[in-house]
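Structure provided below as structure tokens; questions to follow.
Chain naming follows the written order as A, B, C, D, E and F, and within any one chain the residues start at number 1.
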Amino acid sequence: MDEFSIGITISVLGIGVLFAALGLLTLVILLLSRLFRPVSKDEGEEKMVQDETEGLVSASQREKRPLVAAVAVAVSHLLAEEKKKAGLGQSLHKGPGKYWDRKAK
Amino acid sequence: MDIDNIWQLFQAPTLITWKMLVMLIAGGILIYLGIAKDYEPMLLIPIGFGALLTNLPLSGIAGEDGLLGVLYRIGIKTEIFPLLLFIGLGAMTDFGPLLENPKMALLGAAGHIGIFATLLLAIQLGFDIFEAGSIGVIGTMDGPTVIFVASKLSPEMLAPISVAAYSYMSLVPIIQPPIMKLLTTKKERLVRMTYSKQEVSKTTRVLFPIVVTLFVTLIAPVASPLIATIMFGNLLRESGVVDRLANAAKNEIANVTTIFLGLSIGATMTGEAFIRLETLYILLLGLFAFVMDMAGGVLFGKFLYLVTGGKFNPLIGSAGISAFPMSARVVQRVGQEYDYQNFLLMHAMGANTAGQLGSVIAGGLVLALLSGL
Amino acid sequence: MDIDNIWQLFQAPTLITWKMLVMLIAGGILIYLGIAKDYEPMLLIPIGFGALLTNLPLSGIAGEDGLLGVLYRIGIKTEIFPLLLFIGLGAMTDFGPLLENPKMALLGAAGHIGIFATLLLAIQLGFDIFEAGSIGVIGTMDGPTVIFVASKLSPEMLAPISVAAYSYMSLVPIIQPPIMKLLTTKKERLVRMTYSKQEVSKTTRVLFPIVVTLFVTLIAPVASPLIATIMFGNLLRESGVVDRLANAAKNEIANVTTIFLGLSIGATMTGEAFIRLETLYILLLGLFAFVMDMAGGVLFGKFLYLVTGGKFNPLIGSAGISAFPMSARVVQRVGQEYDYQNFLLMHAMGANTAGQLGSVIAGGLVLALLSGL
Amino acid sequence: MDEFSIGITISVLGIGVLFAALGLLTLVILLLSRLFRPVSKDEGEEKMVQDETEGLVSASQREKRPLVAAVAVAVSHLLAEEKKKAGLGQSLHKGPGKYWDRKAK
Amino acid sequence: MDIDNIWQLFQAPTLITWKMLVMLIAGGILIYLGIAKDYEPMLLIPIGFGALLTNLPLSGIAGEDGLLGVLYRIGIKTEIFPLLLFIGLGAMTDFGPLLENPKMALLGAAGHIGIFATLLLAIQLGFDIFEAGSIGVIGTMDGPTVIFVASKLSPEMLAPISVAAYSYMSLVPIIQPPIMKLLTTKKERLVRMTYSKQEVSKTTRVLFPIVVTLFVTLIAPVASPLIATIMFGNLLRESGVVDRLANAAKNEIANVTTIFLGLSIGATMTGEAFIRLETLYILLLGLFAFVMDMAGGVLFGKFLYLVTGGKFNPLIGSAGISAFPMSARVVQRVGQEYDYQNFLLMHAMGANTAGQLGSVIAGGLVLALLSGL
Amino acid sequence: MDEFSIGITISVLGIGVLFAALGLLTLVILLLSRLFRPVSKDEGEEKMVQDETEGLVSASQREKRPLVAAVAVAVSHLLAEEKKKAGLGQSLHKGPGKYWDRKAK
């Protein structure tokens, strides 16, 4: 068999197996998803913070959230009276920003 | 002990050949692309610098026993470097978009048809089948896969093949849109799709990398190093209980390996290996593979458009490749060009994640099939 | 070049044996224990994944020249991995509780009597003396020590022995309380102890690892790698002037080594090495070693109770093992079950720290004594 | 000599040397502690922060403490007037939380 | 199997020789200098600990197959460790002060004349020319350079040479001022200099490491490993687009390598290699090299004073050495002793940065010239 | 030729080449500086934050700057009225401190 024919065989086979493999994956994912439905999401997230250090950091971040919220309230209150920077309030309503959700390294 | 030899020490500048000069310029271009154009700088800078070092006459660092030679023996010949990189990549990869939208999986296959088209074309151009396989694998657009496969099938072509892969990778946003537009009708591009994501449990996320490893290794055992390492990294990530290890994989291991991998690949860019007609062919064939991948994806998208009675937007097909998340973003952007209210991003992310997986499986399959010969 | 071979590539699923299936399940169980039960996940996940990879037919990653084989040769055969891990562990360990309460040191010896009881029992069951030594060393409850000793004395048993060690390690809080209660009277458990901690200067902290290295290396030179590496890491920590190095040891070195160590140990879990009657014996003997260690500690505690005229609470004896700080916490908890106002924690921490040190010395001694034969 | 007898010898020897070694350690520690009595503890702690980066970070954290304290005062003052969230004051009295003491990696 | 051998296991203390005792004390002194005097603790602590381990009888960790032996083979013989360290150092080094003040470059040459003076003196004292070269290179005051060169030219002298280099490095602030004062007149010391710094573009910063690599490798190809690695690290730093890699180089790679390098160097400090008359000579010659370097710098400064008609302050000349930024600070301090309003710091920083570069080039040149013989 | 003469040759050659090399470097630097004059410095700095992760963090830090500024304003406002801690205002005028400029690792 010449090289090109081998190439054809390999290509047909390769494409076939590739589609079969990814098709199989679809089925596997669907099956897994049926078998293991998600529990309440919060619970899931909490379980993911089992590493000790991470746990500490998140804990401290969680502790800070009320503080941050308080600051936000205070500042927006002040600024509402002073009306110095009209656009700022909006960013406050978005919440404390990405930083607080960032995973500590 | 002969003092006259001393003068010979300063003869290096006289030993520069034109091939060296060309390769020095090539190395400089890679560094330039990395820094000024931000094309995969994490790899192009070390590769370019390695190329400089290997093309200076008598250079002690580039020889067999120099640092670069030692790194090559330790990490490329043994295939350790690409595999370590894969552990890190696995720890960085979130397969969520695919798990939430598993119907997109087949697009990750369609987006790699270019590999085989390229393989056939390369044979026609006179490359032997192993070389043709390596060249085709540029179409995975996946650096470590390309290096792993090429270093097994055609180690003498490792340099141009991996340089092609890393250089083109950044061109995806430029190559993709014209192909998308060329192959689709306006009506097709305007298709809106509803998105109903499937909730994914942590158990599914944890079992996914394990099951994929088992299946793919059974289908193509030769490909197991590629899939097993990426899935191992992903398991560390998704387990949620070994963040220290997952972080070590995606930071320490990935960064250090990237430096060494880049330098060692660069060190293979000798004039002899590079300045040949084959290199030009490889570069062109690599581009062909990229184009055919995206075309394959779009055409498969059009097939789904037909099958679903017009409910599938074929633009999404072009995201079934490894360039994540670039490729999915391009789909979103092009979709919005025609209908600003059309949100294809989440679907495209699913296809793109499938493409990441498909690239590794496809590369592994080529290796497996050619190992059987 | 024969295209017919290609079909043979897909025969892997037909080559699965029942032993492989059993080991795949075993690997899955280890991963499950790591993730769902949080039993030493940093090691059981990599070990379990390595076991999966090594029990798939024709798997390219697990062979002699695959990644796992290379890691095994680089890190386990040369003993580099357990020793690097020890440098990291030393940098993590605070010997303060022992330095503040040096009278507790002997409990770190008593908590390792199980090693020798197990060694004798293993000989009776037909293991040769080197194998028996390796099995006994499971009683150090110390992963790197177990791997270091077993890979020298009985490398063919490395897999079951280290798996036993890491699996049981997490069971300490379950095994310990019944033994404590069984062997002590209520009166003994109610003994309150005053705590007068001795202030420790920085000089003492710095000299401690140096002096321990000198002494232990002189007593058992063969054991020097174990004790020297842990003490070197501790010196980096206590010196206070090389935090960069101490952090590198306890983070980069420890994490990366843990990943590689786990994978390579897992790769030794082949069906042939594992599915044997000996493995069952090893698992049972390992459990016996754990139980006897704690029993030894409690009994020595009872001896101290007698000697001190009832001023020593024997519960503390059970903390003279390597599982830190788990074991000390169990002592505190059990003590409070009987007298809520009884604070045994600081004493137990001293014993527990002595146990950490004792485990390494004990493991080293077994190696030293058997190397002399 | 049969294996079991060897085992007995090794065990006796091993246990003996193990107890001797840890006994010796007791003496060594006592000796070291006699010879090198601790100086003032604060001094020791300060010496431990000689790594340059660590020093910088702690310095910047120290600088921020007044700011944080000020914010806490401001917020609790505002909230005391507004009495919107009664429970929040408590968390403020605890101080700025673990985060500020966390060692930067 | 002979139980009587067991007793031989405990004979180690009887095998201690007086040479071992001396070396144990030497190791202890190095650790003391590192911790209590803060003399290069990152290296003196690991070196000192390695020296302890290698001078305990029968010590398993220090033998050919022990951890230290393995590290030595992996990292020192192959020269990987000093070169990896250089990648990290390059990523840490800011060549800005030299780029802003390029006229100072020649001072980086003048500050290394001591190397050659020492080489000649060493030959007179009976060392062969390769040994003399290694000893001279102590005058680079640059650890990795010294280790790289000595392990090529005279590996049997590696221990005393590198210990001398690292020990003296911290003495620069003590050695430098008397030399400065001895060789200059008060009038010279009072010269004030205006500072006009040249703005440096990012392009210049990026091209600098590349151009230096090309030039120095062409001039002295044998020296390329030294200059290429430091410049590669610097390119990672200055490119600004691969901070992940630059951080990996200066943290992970540098820290881990430092630990291993120190231990392996320490392990070469055997009594046999160290307790010889040559070691005393080496220590004295190393000190001589340090002194002559600074003297050379000051004298060249006086030459510039003459040439510029008294516009150059010769004190700055003494900063043309590798000890950065210590040496520049000493210049500033001594300058202010005589004129509190005199700000020499920025000039001295330029000279000092030139000294960092000059040290590597000088070390490479010695290696290159002697390799030609 | 005896060893000392070789040593002399090597020394002369070494010193000569060393000075030549560093002299050459002076020229190279001067040439580079002429060819590539610095653009506006701010632009240069912005280009340096192209690493993705870094970018995200800086972005989040940038987002926070108005918040921090607002807090500073609010607090200094409150404190100006209450005049409780006279020295604090100064530190506020310095801006939010090193922390906000610190490169996230």
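The definition used in the following text is that contacts are C-beta pairs under 8 Å (C-beta built on N, C-alpha and C of every residue); 3 or more make two chains touch, one makes a residue touch a chain.
Small disclaimer: the values here were computed from a predicted structure and weren't measured.
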Note, CA centroid farthest from chain C's centroid sits on chain F
Distance-maximising chain from chain E - centres being C-alpha averages: A
Whole-Å gap separating chain E and chain F, where each centre is the average of the chain's CA atoms: 26
Centroid distance [mean C-alpha coordinates] between chain F and chain A, Å: 33
Report the inter-centroid distance (CA atoms only) between chain D and chain E in whole Å. 36
For chain D, what residues touch not just one other chain but two or more? 6, 10, 13, 17, 50, 71, 74, 105
Per-residue overlap in chain B, given as positions that touch at least 2 other chains: 1, 3, 6, 10, 38, 129, 219-220, 240-242, 244, 247, 251-252, 369, 373
Would you pull the chain E residues touching chain B in the complex into a rising list? 78-80, 83, 87, 129, 206, 210, 213-214, 217-225, 228-229, 232, 235-236, 239-242, 244-245, 247-249, 252-253, 368-369, 371-373
Of all residues in chain D, those that touch chain C in their complex: 3-4, 6-8, 10-11, 13-15, 17-19, 21-26, 28-30, 32-33, 35-39, 44, 47-48, 50-51, 54, 105
Which positions of chain C touch chain B when the two form their complex? 1-3, 5-6, 8-10, 12-13, 16, 24, 28, 31, 34-35, 38, 41-42, 45-46, 49, 52-53, 56-62, 65-67, 70, 251-252, 255-256, 258-259, 263
The chain C residues in contact with chain D across the complex are 98-99, 102-103, 105-106, 108-110, 112-113, 115-117, 119-120, 123-124, 128-129, 132-133, 198-204, 207-208, 211-212, 215-216, 219-220, 240-241, 243-244, 247, 354, 357-358, 361-362, 365-366, 369-370, 373
